[in-house]
Each structure stands twice: as structure tokens, then as C-alpha cells.
Amino acid sequence: MQEILEQALKEGRAQIEKGEVASYIPELAKADKNHLGICIFTKEGERFEAGDTQTRFSIQSISKVISLAMALEKCGFERVFEKIGMEPSGDAFNSLIKLDMVSDAPYNPMINSGAIAVTGFLTEVVSFETMLEFARKLCMDPQIEVNRAVFYSEMENLSRNRAIAYLLESKGVIKTNVESCLELYVQMCSLNVTAKSLAGLGLVLANGGMHPESGARLLDPDVVRIVKTIIFTCGMYDGSGEFAVSVGIPTKSGVGGGLLSVVNKKMGIGIYGPSLDKKGNSIAGRAALKYLSEHLGLHMFAS
Amino acid sequence: MQEILEQALKEGRAQIEKGEVASYIPELAKADKNHLGICIFTKEGERFEAGDTQTRFSIQSISKVISLAMALEKCGFERVFEKIGMEPSGDAFNSLIKLDMVSDAPYNPMINSGAIAVTGFLTEVVSFETMLEFARKLCMDPQIEVNRAVFYSEMENLSRNRAIAYLLESKGVIKTNVESCLELYVQMCSLNVTAKSLAGLGLVLANGGMHPESGARLLDPDVVRIVKTIIFTCGMYDGSGEFAVSVGIPTKSGVGGGLLSVVNKKMGIGIYGPSLDKKGNSIAGRAALKYLSEHLGLHMFAS
Amino acid sequence: MQEILEQALKEGRAQIEKGEVASYIPELAKADKNHLGICIFTKEGERFEAGDTQTRFSIQSISKVISLAMALEKCGFERVFEKIGMEPSGDAFNSLIKLDMVSDAPYNPMINSGAIAVTGFLTEVVSFETMLEFARKLCMDPQIEVNRAVFYSEMENLSRNRAIAYLLESKGVIKTNVESCLELYVQMCSLNVTAKSLAGLGLVLANGGMHPESGARLLDPDVVRIVKTIIFTCGMYDGSGEFAVSVGIPTKSGVGGGLLSVVNKKMGIGIYGPSLDKKGNSIAGRAALKYLSEHLGLHMFAS
Amino acid sequence: MQEILEQALKEGRAQIEKGEVASYIPELAKADKNHLGICIFTKEGERFEAGDTQTRFSIQSISKVISLAMALEKCGFERVFEKIGMEPSGDAFNSLIKLDMVSDAPYNPMINSGAIAVTGFLTEVVSFETMLEFARKLCMDPQIEVNRAVFYSEMENLSRNRAIAYLLESKGVIKTNVESCLELYVQMCSLNVTAKSLAGLGLVLANGGMHPESGARLLDPDVVRIVKTIIFTCGMYDGSGEFAVSVGIPTKSGVGGGLLSVVNKKMGIGIYGPSLDKKGNSIAGRAALKYLSEHLGLHMFAS
């Protein structure tokens, strides 16, 4: 396994040059493009690591997974999906088009409009401290904190998400205070994680919501099933379909360079690789995952 | 199993009233709304049936699966996906919007524009007779024929698909004779199948492309993997995401009332239920599948 | 003339029942649907009135004309139209679609996104007091004030315009403080005018920007030409083309029920009629104008 | 006048380099980019010419004006505008988006979808010979013929317009034979005219539909008023609004390089200049018209 992992790292590194680190906020642009770390946690308790697995980076969109899970736990399926869809949008992650035109609901909780709507529900029922505690537990990483520099940098460059949030308010999707909702949204995006934290989160999801060691139930199995399915169909923005075909592992990406992968019933994989492809997904991480999928037979529809 | 199947049939029947048979061509409007048949073929060779499993009906969009498989076998992955995407479109099945606006390629091979493009490739390399033979083999049903009445009815009501085909020609996606391509497309849609034929097709796909009895290889395993993934993410039109969450079984629907479901490595399920919901999917079939998924644990992401 | 005017009033009144007063903010919903007033000021100094010409109502979108004129005077053609187009949008007045999708610039200064962008420029160079003074002069009505009730009602229901403004900020169109810009925008929309004030404004524009009595130049003739053209092609939201064909008089509408019409080189017409058609234009005012156009030969393209 | 005309020619020529001749069909690509001819016919019977006013070229989209006039004469306003709008579309000339998405009717008769719909009506009531005779009379040019080379070249490259036509059929807008409709549409586009023919047509429209010499009524005055308004708001594709502001003369362009301009009640202007700007309008012709508008005071909204 370690050998295959090392080779996956190599395959990933070969792609780094073709991508770019995110630059829409200054703080993200400081990331070292050449970083790449991969971490695998199996249900049996094995842990494999290669590359930059200690580096902390902001979780960004991968926090959408945690927020969705919490919203489903706290508000229930009916409430969450009354105003948010479950369909892949076929559009870029920060698009307003679909929201405005086709329907009065965001397409799914993995795009910004959907995640901001989810955060609107959360704002009404939980504090940020509760969310932080929840994130630490799910990632099995008690050291997760808000990255202040990223948080402030995002808050200063929030026009587009603010536009989305006010549009959601105008459509009656967000009923709480918009600015509080946006603050919580940005706090969640600014959580500092490592490849290991993501592997932990992946393993909890792969394990049906139970802590792999203690056996404690952290999430309802139905919530976990829903979350995994949505990650699979919507997790890689408008490249989700192609990724499902090529790699076939439910994976959520963040522009901070993170990838959270869930190999159902088997393992969690966490990756950090801030060089992004044009759709905003880690370019090296993707190559590494493809290699792992092929050599470990992890594709959901492998025969 | 038979008991669960009977109950699934019952659950399905309870939904029939809420739907309508397709009416866009006169021939489809003649279907008996109350028909419902379900058929399960397992890898172990068991066969279960309930309801109207002998009734022949036109395969319609489920033929897109057969055409895609043949195109991948004959032209290869690169050629097929050079001009056709793999992303769920988030739009209705016969939309021109996405084709026209966002890109020069159809979103995926399960919507009309993508399937017509696939048929364009096929028109260059195979005859209809070859396609018919192929369909019979994959469905393990030598009695499949073109339903003449449906074929002529569709040919007389082809304006929208003709518009799509000429738009594809104008974008250089279709390079063969457009009218021949359309004829082959409609012939494939007009194939007369039963719930059993679809269970057969489902089993071949579940079995990685091998004939479940003879062990003969009918399809390349890579082709099967690709096809199953695309069915999962794009098979139920703009209801694919919600269906994946609720039912979690790769399924392709047709407006003739058919559903083809693939329970990977385990079984094929074929359903006939011509009463459709608003997205064009069998309303009773969907309810029956949901019941089966829950009671047999067939959800892809079940914990 | 007075006779024709009375008849136009009658024609207008016959349509009132078919429309509805604006209801998107509570304050507007209080308007008396049955009000209708028409006022004509000619270049020769004649003034004709019929109906409710003394009633004050909020100017709403007609303020877009005043703001555009001021922006052209203060910032110049190049600056204003570097980031705002001049094309009719073919979409409803408060749409985000076109802004988001086709280009990075609002389609024209008569839709909300364009007018908010114009107000962004103004926020940098003039105070509200200057704008108020300007409005009073152009309308030849020193009693124009902000309608406080309308102002606060709008400020409390601003989500959609706020979404538009932040989207414009995210695209670099608005570079000033967004909330200040929105406040000025709403203040301008809340100006209280009468049918007479609008007839005054119309006459100033018809007269090439000169005060009809004193001969004082209030606006640059190029500015007036630009403003009149844009009113003609974009003044009635997505009904502008049909209105140009049927009535043929450059006219800007507001959801408060006002209509500002400019009969080039001849007269200004001001109308108040708060019963609106589905596109948000005064339904009685439109009918009255059509009658006037036909009986006074006011169509721009009359032979 | 002749002097101003010569100067306008010079102004136009200076722009030629910045444009390109149309290349979407081989036959149009053969045009000499450097050609430029301008012709003015006044109501008083004066005729002014400069440059290449004898060169024949295909009328292309300017035929939409003739077809609309005939449809209004033969079928009446109600019939024509029951299924075709009068709104500028804000989209490019050959777009399918608006047709497909917002409504079931083409936006206006000056874009391809609208003109094809108009031709559908015509196909039911007149022969091509009648249309040809009509075109000759309106243009006061008995030598107009179909340019065979252009006709066949267009017929061979018709996929996009064919797509539009079948989409219109699917929506019930075209009820006649689609291929016959397309043939008539292409025949009309292939009519060979000169700058003089277009000046003639412009003068007839400026003159309210009466032959300027014989005084014979060629068109109903209402039809002329409608046609002129639509040319003003929709004649220059998605550059119509900007052109109205800058030049202010109702003008219809064709990708063959022609411009038909109507100075209401005064004159017709015909231009040939096949070097096109990015929106498909004659780049030199536009510059020449702007010069004429400014120096002869022809802007509709000049003070």
C-alpha cells in the first residue's frame, strides 16, 4: 500500500506545473504550489501518509460537507431540501444563473448558493463554536482552528457571495440575518485542516458515521448516505460527472487545495495539493486519486 | 425475495394515479396507464417476476445506453467524449439551451442531444441490423423488433430532435448524413422490449459485461464501468441527483415507461410502468425501486 | 387639444380594471388604483391637464432618467458607457441573468443593474442634495421631496437590488461604497412627483435641454440626445419594442405609476396611473398615450 | 451634399481595415473587402452617389425588411405578431437561446428565427416570383435577381437555420413545409442588389410607402410605420441600441455588406461595404453613416 501511495504522489507531482493556486483572495495566493500530501485511513485502523501531510490549509468548500451534515442532523431532510435541490448544476461553482433563472432554489448544497442557504438554516440553530466542535470531531482533529488571515481576506472579498446571499433572501430562502449567515459561512471556509483531518472525515463517512476506533455514533446513517451520494454527484463542481467516470470515488474539493475522498465501507483519503485545474479542483490530487483508484480498485462501478 | 417484490409492486401501483402516460406522440398515448411489471435477474441465475412482465413497449431513451455502449466499443472513449461531455445538465431532457449556450458539445450521452451525437458516430460505422443484433444480445431477448407504429409516429413528430441534430451538424459534432442519423436514432428508440429484456440488460451490466450463463464477454469491462457511472449521474434526466440520493441504484428511464436498473455485481432489474412523473420517469417504477432499495439494501451508498 | 386630452383620459380609465398597483413594497400597495392624471406642456408654453394631476407619487424608475443625465454631465459619455451598455435587454427589469451571463456590464441604464451602476458613479461625485436640486430644476417643480414612507419601505425590502449591487461590485463596476450607493438609489426612487413634474421634465428634454421659458441651458444637447434615444429603446422594460411600434413616443415608466413622455421638439407629457400591466407599466397611461399618439400624430415614425 | 458624401466615404474607408468580410459561406468570403459605395435618394428627387454604387451583392438580412412588409400586407398585424415578438433580443443574430428559453416566440422579425417564422407565413400565401417582383418594385430596381452562387452556397451551409426552422415547427410557429420555407428564406437572402437599390427601398419607406416619382402607393402607411420602428430598435442585431444612440437613423444591415437607412420623410440611404465589424454590420458603412448623421443633422433625436 505504502508503495502504491508513493507512486500516486509521484503521478500527482507530475501534474503540478499544469495548474495554478487560487488567486481570488490574496491569502490563498500565498500557498506553495508544489505542496502535495496524501493520507489514507482505513477502517481496519491502518494509516498511510506521503508528502506534505502536516501542512495546514483552509478547508474552503469541503466545509460544505460538514455544514450539510449538521443541517441534516439539526433540521432534518424535509426542511433542508424544501428550498435546496439535489441536482448537479452543470454550471461553475459560483454561478448565479441557475439560481436566478430556472428555479427559486439553489441546485444543490455543494455549490456556493446551496451552501450559503444551508448556512442560513444553521445560523438559526447553532453557534460557530458548536460547528467548530463538530468539525473537530468529524475530522478527528482537535487542533482545527479558524485561519484568521484567510477569514479576514475572504470577508474583504465577499461581494459575489454577498450578492448570492441577498438574492437568496429576496427569494425567501434565507430568513435569518444575511450578514451573520455570511460570517458563519466564511468562518467554516476558513477552518485550518491537514490532509490527515480530511482522511479522518472521509473515514467517518466511509464508516457510516461511526467513530472508527471508539465506535461512537457521530452521524445518523441516513445523513451519511445522503451526504456521500451528493458528494459523488456534485462534489467536483462542473467536473463532477467526468470525475465520477474517470476516478469513481466520492470526493469533495476545496479551492484551498484540499480533497476529501470516501471509499465506502473501506477508507477515507485526504489530500492537500493547492495547484488547481481550471474547474478549481486540485490537479495533482486528482491525478493521485486516479492512480489509487486504478491500482487499488476503488472505482464505485469497478466490475 | 418474491414477497418483497410483490410488495414493491403494490407500493408502485399506489402511485400510478399521480402520473400520466407520455402523450407527445399519439402511439405512446395509447399505453395502458395501469400496467406495471417488475423483473429481477440475479447473478446467481435466479429470476423473479411480478405484474405485467410480458407486455412489449418501446424502449425509448433506454436505447441511449445500448448506443453509448456500442459507440464506446466501436469508436473508443477518446473519440466519443471528444465532442460529448459527461456532466449532468441540470436541464430537461430535450433542452437546447445548454447545447447552444455554454459549450459546443452536448452535456452527456443520456440527453437527446448527446444521444443523437452518439448515433451520428454509429451511423458511420454500423448498420441498424448490427445494432438490433447487439440489443438482442445485451438484453438476452432474441425477439426484440422495431415497433413500426411507434417508429412512424415518432418520425412524423420529429421537429425538435431534428432541430437538435441540425444544430449539432452546424457545430461540427455530427458529420454524417443528418437524416440517416435521425432514422437510426428513432429506430433504436422504437425497439420493443419487456421488463424482462431490461432485467437482462441490467444483469449483463451488473456482471461487468459478461453473459451471466455462458460467461461470454459481450462488452469490454471499461465500457461497462463508464456506462454504469453515466447512468448513475445522468440516467433520470433532471431528477438524477434526487433519485441517486433517494434510491441510489443506477437507473435509466424511457418515456415508454421502462426503467433499467443495475445493482452492481448483483442483479439487473427491469420495470415497465407507463404512468410518468413530471420529469418523464415511471412514477410507479420509481416507487417500487425505492421500496426494493430500502428492503434489499441496494443503495450504492448504504452503510 | 383639451378635448382630445379628456378623451385620452377616458380611454385610459377603461383599462384600469385590467391592471394592479405594485405590491412588492407595502407603501406602494397603498396607492389608489383608480387615480389617473395626464398633463401636457408644449414648447409654446401651453399647459393642458386632466384628472389627478396634483397627486404626489414616488417617481421610482423614472429617476433613472435624471440620474443618467447627471452622470453624463458629470462623468462624460466614455466613463459612463465603459461599464454600462446601451442595448435593450429583452429581459424583465430586475433580472440578474443578463448581467451575470453574457457580459460583465449591465445591458443599459434603464434597468435596475444599469441604474445602480450609474448611481455608483454619482455617489463618487455628487451629494443627494445636489441630485434633489437637479431633479427639481429639470422637472420645474421646487416642491419635490423624498417620500419618507416609501424610502423606508424600500430600504427594508432591498434584498434583490442589494444582490445586484454586490454583484456589480464583484465585477468591478461599482467601486464606491455599496450601501451608500444603494441609499442614494433608493432616495432618488422615492422622490415625490406629480404628473405635472413629469410633463415639465419631458418638455425640457423635448426642448433639447433648455428651460422652455427662461431659455437657460439645463442640460448639454448631446446628453439630451443620448437620454432620449435610450428612453425610446429601453424605457418600458421588456415591453419597449412593442411600445415603440404601437405608440412611438419615447417614454419611461416607473412602478409608482408614472410615465414620462418626450415628443421631440414639441411637448412633454406626464402621466400618473398606478394600475400596472404585467410588465410594470401604467396600464391606463399606456392606453391614454396610444390615443394621444394616434389623434395628435405623435408617433416618431408617423408618415 | 456631394461634398459631405465624399467625405463620409473617406471616413468610412478609414475603417475598412478593422473589419473582415463574412466567411461563414465560401461565396460571401469572395467579396472585395475594400469596396465601399454610398447612395442617397431624397424625397425631392435628388440622387447622390459615391464609390462602388454599381456593384451587386447579396441583400442577406436586409431582405427581412421586405419579407416583413409583405407578411404585414398579406396576413395583417395580428397574425404576424401573434407568434413573433417586437422586442430587441440583446442576443446575437443567430441565437437559439432566447427562442428556446424565455418564450415560445422569436423575439422579433429582424433576427433569423423571427424572419424564418415570417417566411413561414409567406410560404403559405405567395410564390417566390411574387416576392421577387415586390422586391424589385420597393427597391425601384427591375434588375434584381437571385445570385445563384450565393443561393447554392447558403443551401449547402444551412444547418443552423435549419435547426431554427425545425425548432419553430416543434413550437407550432411554422405550420407549412419547413424545407420550402427555408428555400424561400435563402432565395430572399440571395437577391442581388446595389447600394442604389437600397437607397431606393429606403426612400420608399421614408416616403410612407409611396413611390417618390409616380406617387403610387406601394405599401400601407401603417405597415411602413411598423417596419421603420422595428428597424430602428432591432435593425443592427445586438448593436442596435448603441447604433441608435450614436447614429440615430433607422438602419438594417446584412452580412453581404449592405446597409439600408431610412431618414424619415426625407431620404433613403443605401450603402455597400462588405468589411464587417464583430456584430456583423458594415464597419465602413457605419462610420460613413455616423458622419452623415452628424453633418446633415439626421439623428432621430437631434435637438
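The chains carry the letters A, B, C and D, assigned in the order they are written, with residues numbered from 1 in each.
Just so we're on the same page, a residue touches a chain if its C-beta (ideal position, glycine included) is under 8 Å from a C-beta of that chain, and two chains touch if they have at least 3 such contacts.
Remember, predicted model here, so these are calculated numbers, not experimental data.
Chain D is reached from chain C by a rotation of 180°, derived from superposing Cα atoms (nearest 5).
Of all chains, the one whose mean C-alpha position sits at the greatest distance from that of chain B is C.
Chain C and chain D, compared by their mean Cα positions, are separated by 32 Å.
Between the Cα centres of chain B and chain C there is a gap of 54 Å. The centroid of the Cα atoms in chain A and the matching centroid in chain C are 47 Å apart. Counting partners per residue, chain C has no residue that reaches two or more other chains. Chain contacts in this assembly form a single closed ring in which each chain touches exactly two others. The chain pairs satisfying the stated touch condition come to A-B, A-C, B-D, C-D. Partner chain B is touched in their complex by these residues of chain A: 85-91, 98, 102, 107-108, 207-209, 221, 224-226, 228-230, 232-234, 238-242, 244-245, 248, 250, 264-265, 299-303. Across the complex, chain C is touched by residues 95-97, 100-101, 159-160, 162-167, 169-170, 178 of chain A.
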